[in-house]
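Paired with chain B in one complex and with chain C in the other, chain A is shared by the two complexes that follow.
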Partner chain A sequence: MKAHPQDYIKIMREEIIKEEQASFMNQVGAVFGYLTSASLGQMADQALAREQSVAIRENAVENLPELLETFEKNAVKNGMEVLWAADAEEARSIIKDLVKKHEAKVITKGKSMISEEIDLNHYLEEELGVKIYEGDLGELIVQMRGTPPFHIVGPAINLNIQQIAQTLVDHIGMEYTEDAKAIANYVRTFMRRQFEQADMGITGVNMAVASTGSIILVENEGNIRWSTAAPKVHVAIMSLEKVVADMADAFHIMEMLSRSCTGQGMTSYVSVLSGPRAAGEYDGAEKMYVIILDNGRSKIYQDPFLRQALKCIRCGRCGTACPIYLTVGAYPYGWCYPGPMGTVISPLLLGLDDTYNVYEACTLCGGCESVCPTGIRHVELFHHYRAMKVAGDKRFKATRSSFMERAGFKSWAAAMRSPALFEKSVGLIRNYLHVGSKEGQVNKMPGTLKAWSAYRDLPIAEKTFHQYWAEREKTSVSEKEAAAGSDKGGQDHE
Partner chain B sequence: MQRISLFIPCAVDALLGDVGADTVRLLSSLGFELIYHAEQTCCGQPAISAGHVDLVRDIAKRFIEIFEDDEIIVSPSGSCVNTVKNDYPRLLSDEPEWHLRALNLGEKVYEISQFLVDQAGIEDVHASFTGKIAYHKSCHLLRALGIDLQPQKLLSHVKGAEIVPLNAAEQCCGFGGQFAIKYPQVSHALVRQKTQNFLQTGAEVLIVSDPGCLLNIGGYLHRNHPHLKARHLVSFLAQNLEGGVSI
Partner chain C sequence: MSSRAMILEKLRAAGSPERINREVMPRTEIRRGDADVFIEKATAAAAQVIKTTVDNVPQAVRDILAEIGCRNLLLSDEGIIREFKIEAVAGEMGIALQFTGELPAEEYRSQIFQVEAGISGCDFALADSGSIVIKHDGDKQRLLSLAPDHYIALVKASQLLKDRFDLALLLEKEKTAAVTLITGVSRTADVALQVVLGMHGPRKVYILLIED
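Let's look at the complex of A and B:
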């Protein structure tokens, strides 16, 4: 999909009034919270397991160049063809050439965020007129509806059964039914025909294993198994941070991914692919390509602090722990990465100016960080993005914050360094606020503060603490003078 | 008895002076001697959150100079304690001497429930209250400082108070400092959600531990459900002390 995070406010306003959606998403958040924590809780030593996944991903990201070289060497040895793409455009043109070369007319896909990132479906359909079918039920539904995935794991999680049924009626000729089982069976039969006639399967990669040159894909529906085994050609696209050192690392990450994502110890299907169909084998693609996409990630790698953004394994757990995502949904994020995961990666890939609201519209509550299986320090990272924006970090397309904003904070800072100025400012603010106050609550505020008082009052105590303390000191001194000699302890009277 | 230095956040000073007074009342009733450096201002968190970190280094150094000779520093705000404890050392990491001073100071700064339960070993402050209460887990207290049970232990000893479970107690109330002004619709949706969960408990008081949550939830309740109250933990304890310790 085309990125449009600049439209955050506009889309957020459209989405936030969908109260039913927000209320459903909050239930989703609670259910996933329960499922994933129960699942992680079943591990022999959950804290240790997390430490290990943090260490595995840290090691992978720190040694990215070496691991990628090793992976390429071993994958080539296994008979795969490895192609490198610097950006989305190059990746699309590589795939276009492959489609032409293999004369593919029908392509089935495994759900892949990287394919969304490079907007592959539209491009191939428009450029080559090929037919593309998403194999994952949820992704197929959003493909037909032309909307971005609502959640990276549950792309159609925001739709009700009526909307889903109608979409299938409109696009693939299903007879209207609200029977979920019947719907699933219809799509299953429909997709089976596409898998059987597909000339090419395109998938993402969950993990690339350097030491064995294998790629691993996890799923619950069997569609990825079909796309990788039935068509003659399999094209796998991975962003370059997907690599891990060895099988032990890969399987640990796989377990943490499944548990953090759907609460499963292991997904229904796990495909470990170590090369195309060999002589004597009866299934598997005859030709296998792995495209390694950079698209701005090596630039992130250059910065030792920002590098942690590459640790993400796309489990989506942060989303269901994020009050903002659960409230505004996926669409305001304006790209294929919704929720905190998008807040981590989008600003670095798309630039800090265009994604301003993505990282600003965050209360820094730390919900995401507390459930992240790879130890990304979200709050610190989001603080950092804001600071990069203020400073105008050219590397990530940030222009400096406005003169007015900087001047405002400078004078604020000056007041904070001087007790006299501070007290004076507090007094001025209180006088200003007192205009609309009654019963110790301000119910009307001017200027930008209207944004507050549109929805709520503002408590305002009768005295500042400075005043209270000064009076307490005075009383305490006079009391001590009055009752000289007697022990008053810590108590005094007003 | 230990001498406690009070770290009163700017929001408490300017708007919630009563929470500051209740902090004094509560700690005094427990026999602590209190000092207050009247030259303290703001810890700088608003500027850190807004990305103006360069401006905060001087504010942090000033804070360190004011407080570093104190034995123990206590604040009725987990959020501001987090700034001093966790953000200052990071902000000053390029200046070894200041970095060390920030770390040393951080060791002595406590959120009030954390101080009472973990440091002073006090769980029962001798308060009583008849009725149902619910507890909101403020974000920075819970996730930045790892303070979860301490406030609840203090509440569990309040005679007569029945603590009822709050659904999604750990979910953010939508304050977020400037966030509430910049994204009012989102902030509103979150505080409304928090309030709905509170209404479901049937409790009459919602206890919070951070001034930000109190401004937000308290202001929202006052506007929309005036019969219900949000109270800061220290205010709830201090105003329900047995024997009615006067100020």
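Let's look at the complex of A and C:
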């Protein structure tokens, strides 16, 4: 999908008033929060398991270039073709060439965030006129509705059953029903026809294993198994941070991912793919391609602090703990990555100017950080984005704040360092505010403070704190002097 | 400069890597799994697990096929199927059946979308998650456990590993084009959070756990 995080406030205003959605989001937060916590709690040693997944992801990110090369070498040895794409455009053009080369007419997809990131579906449909079907039920529904996924595992989780039914009636001729089972069954039959005739399957990658040259994909519905087993060609797109050192690392991350995502110890299906179909196999791709996508990640990698953003395994558990996401929903984030996951990655991939509201809306409560299975330090990171934005960090497309804003903060900093200057400034501001005061209350302020004061009344103290303190000291000193008479030793400890 | 060279150069330019201690498992020994734990976990994932003795396997298969009301069947071309004479059991019941290995590719492909059930063995099972593990090859086709409405897996108790780490250790050493872990029945909660079983996979999964 095309990114539009600049529209955050506009979309947020539309979303925040949807009552049905709001109550549903609370349910989502509570249900997934409970399921994931309970599931992680079933592990023999939950704290150790988390420490290990943090270490595995840290190790993978620290040794990224080496692991990618090892993965490539082994994947090629296994008979896969590995292709590298610097950005979304190159990835799309590689896939376009593959579609042409293999004369693919029908493509089925396994649910994948990365293909949303590079806006693949629209591109291939428009450029080549091929038919693309998302195999995941929720993803198919949002594909037909032309909206971004609302939730990492439940792309259509914000829609009620009537909306879902109507979408399927309009797009694939289902007979209207509000029975979830009947809806799923209709799509099952519909998708089987597509899987049967598909010439190409496109999926993402959950983990790439360097030591064996394998890719691992997890799912619950079966769309990934179908898309990798039925068509003759399989194209897997992986963002470059997905690689881990070995199978044990991959399987531990797999378990942490499933538990943190849906609360399952293991998803229904896990596919470990190490090359095209073997001799004698009737299923599986004859040609298997892995596209390693950068799309701005090597730039993030240059910065040792920001690099932690690449540890994310896209489990979405942060979303269940985020008061902002659970209030405004996914759409204001303006891209395929909703919730804190998006707040981590979107500013670095899309630029700090365009995503300003995404990280500014955060309350820095740290809920996301407390549940993250890979130890991303969200709060520090979001503070950092704000600082980078103010400083005008050119690497991540930030324009420096305006002259007036900088001048304002400079004066504020100067005043905070000097008591005399502070006292003077406060006096000036008091005089200024008194202009709009009524009965000891300021209820209107000019300029940038207008919006703030529209809903707030500020009581005006009769004196500044400095004045009050000075007078209090004077009185208490004279009182004490009066009380203690000539005994001066009484004040020594003050 | 190719994208590959450019990306790797940028990553390398970022500084020398730090090694992080990440020992997550006993990496040397394979642990055996517990049958009761397997039954509990697989059942929780909506598989129907039937524990049976070696002698009782034919009867157990007969019961399942009768329950399904199965009329046609594809069998995986594995030793375990012939060992328990599954083809004879189904044949006696008048079920049309074929071994995948006896079919040409196109015929297999059309059959796999039509048969009511598929039966195969597995290579391992993971007790702690209730998963069965299949290393696919010419005798163990991938769609057999995915396309038919009913899937029956034969699992010997001796094939039980403890958990994913034991499997990781085994997979680290060898190359199979595709290994699939199946845990219960496929599912979705995409329609208003209501769980529907058997989304794109079999509607029912039966596991015969054979005490050997």
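Operating definition for what follows: the second predicted complex is superposed on the first by the 418 of 494 C-alpha atoms of A that agree within 3 Å, B and C clash if a C-alpha of one lies under 4 Å from a C-alpha of the other, contacts with A are read in each partner's own complex, and residues count from 1 in each chain.
By our rule, a contact is a pair of C-beta atoms (placed from the backbone, for glycine too) under 8 Å apart; a residue touches a chain by one contact, two chains touch by 3 or more.
What you see is a predicted model; the values in this text were computed from it and never measured.
Undergrad: Classify the contacts of A:278 with the two partner chains as first (chain B alone), second (chain C alone), both, or neither.
TA: Second partner only.
Undergrad: Look at A:401 in the shared chain and tell me whether it touches chain B only, chain C only, both, or neither; answer first, second, both or neither.
TA: First partner only, chain B.
Undergrad: According to the stated criteria, A:323 is in contact with first (chain B), second (chain C), both, or neither; which is it?
TA: The answer is first: A:323 touches chain B but not chain C.
Undergrad: In the overlaid three-chain picture, which partner chain does A:468 touch, first (chain B) or second (chain C), both, or neither?
TA: Only chain B; A:468 stays clear of chain C.
Undergrad: Touch check for A:386: first (chain B), second (chain C), both, or neither?
TA: Touch status of A:386: first partner only.
Undergrad: Looking at the overlay, what does A:302 touch: chain B (first), chain C (second), both, or neither?
TA: Only chain C; A:302 stays clear of chain B.
Undergrad: Now for A:13: first (chain B), second (chain C), both, or neither, which partner does it touch?
TA: After superposing on A, A:13 lies in contact with chain B but is clear of chain C.
Undergrad: Under the stated touch criterion, name the partner, chain B or chain C, that contacts more residues in chain A.
TA: For chain A, the partner with the higher number of touched residues is C.
Undergrad: Quick check on the superposed pair: does A:211 touch chain B, chain C, both, or neither? Answer first, second, both or neither.
TA: In the superposed model, A:211 contacts chain C only, not chain B.
Undergrad: Return the residues of chain A at which the contacts from chain B and from chain C coincide.
TA: The overlap between the chain B and chain C interfaces on chain A is empty, containing no residue.
Undergrad: Chain A touches which residues of chain C in the complex?
TA: Residues in contact with chain A: 2-4, 6-8, 10-15, 17-22, 24-25, 27, 41, 45, 100, 105, 108-109, 113, 126, 128-131, 136-139, 141-143, 146-147, 164-165, 167-169, 171-172, 175-194, 196, 198-201.
Undergrad: For chain A, which residues count as touching chain B in their complex?
TA: Checking each residue of chain A against chain B gives 12-13, 16, 22, 26, 30, 323-324, 327-328, 360-367, 369-370, 379-380, 383, 385-391, 401, 406, 409-410, 412-413, 415-419, 422, 426, 429-430, 441, 443, 448-449, 451-452, 454-470, 472, 489-494.
Undergrad: Can you tell me which positions in chain A touch chain C when the two form their complex?
TA: These residues of chain A touch chain C: 27-28, 31, 52, 55-56, 58-59, 62-66, 68-69, 78, 84-86, 90, 135-138, 141, 154-157, 159-161, 164, 180-181, 183-185, 188, 191-192, 195-196, 211-212, 214, 220-223, 225-226, 228-230, 240, 245-252, 254-255, 264-284, 292, 294, 298-299, 301-302, 304, 307.
Undergrad: If you look only at chain B, which of its residues touch chain A in the complex?
TA: Contact set of chain B toward chain A: 8, 10, 12-21, 24, 27-29, 31-34, 36, 38-42, 44, 46-56, 58-59, 62, 90, 139-140, 143-144, 168, 170-172, 174-177, 179-191, 193, 214-216, 218-220, 222-224, 245-247.
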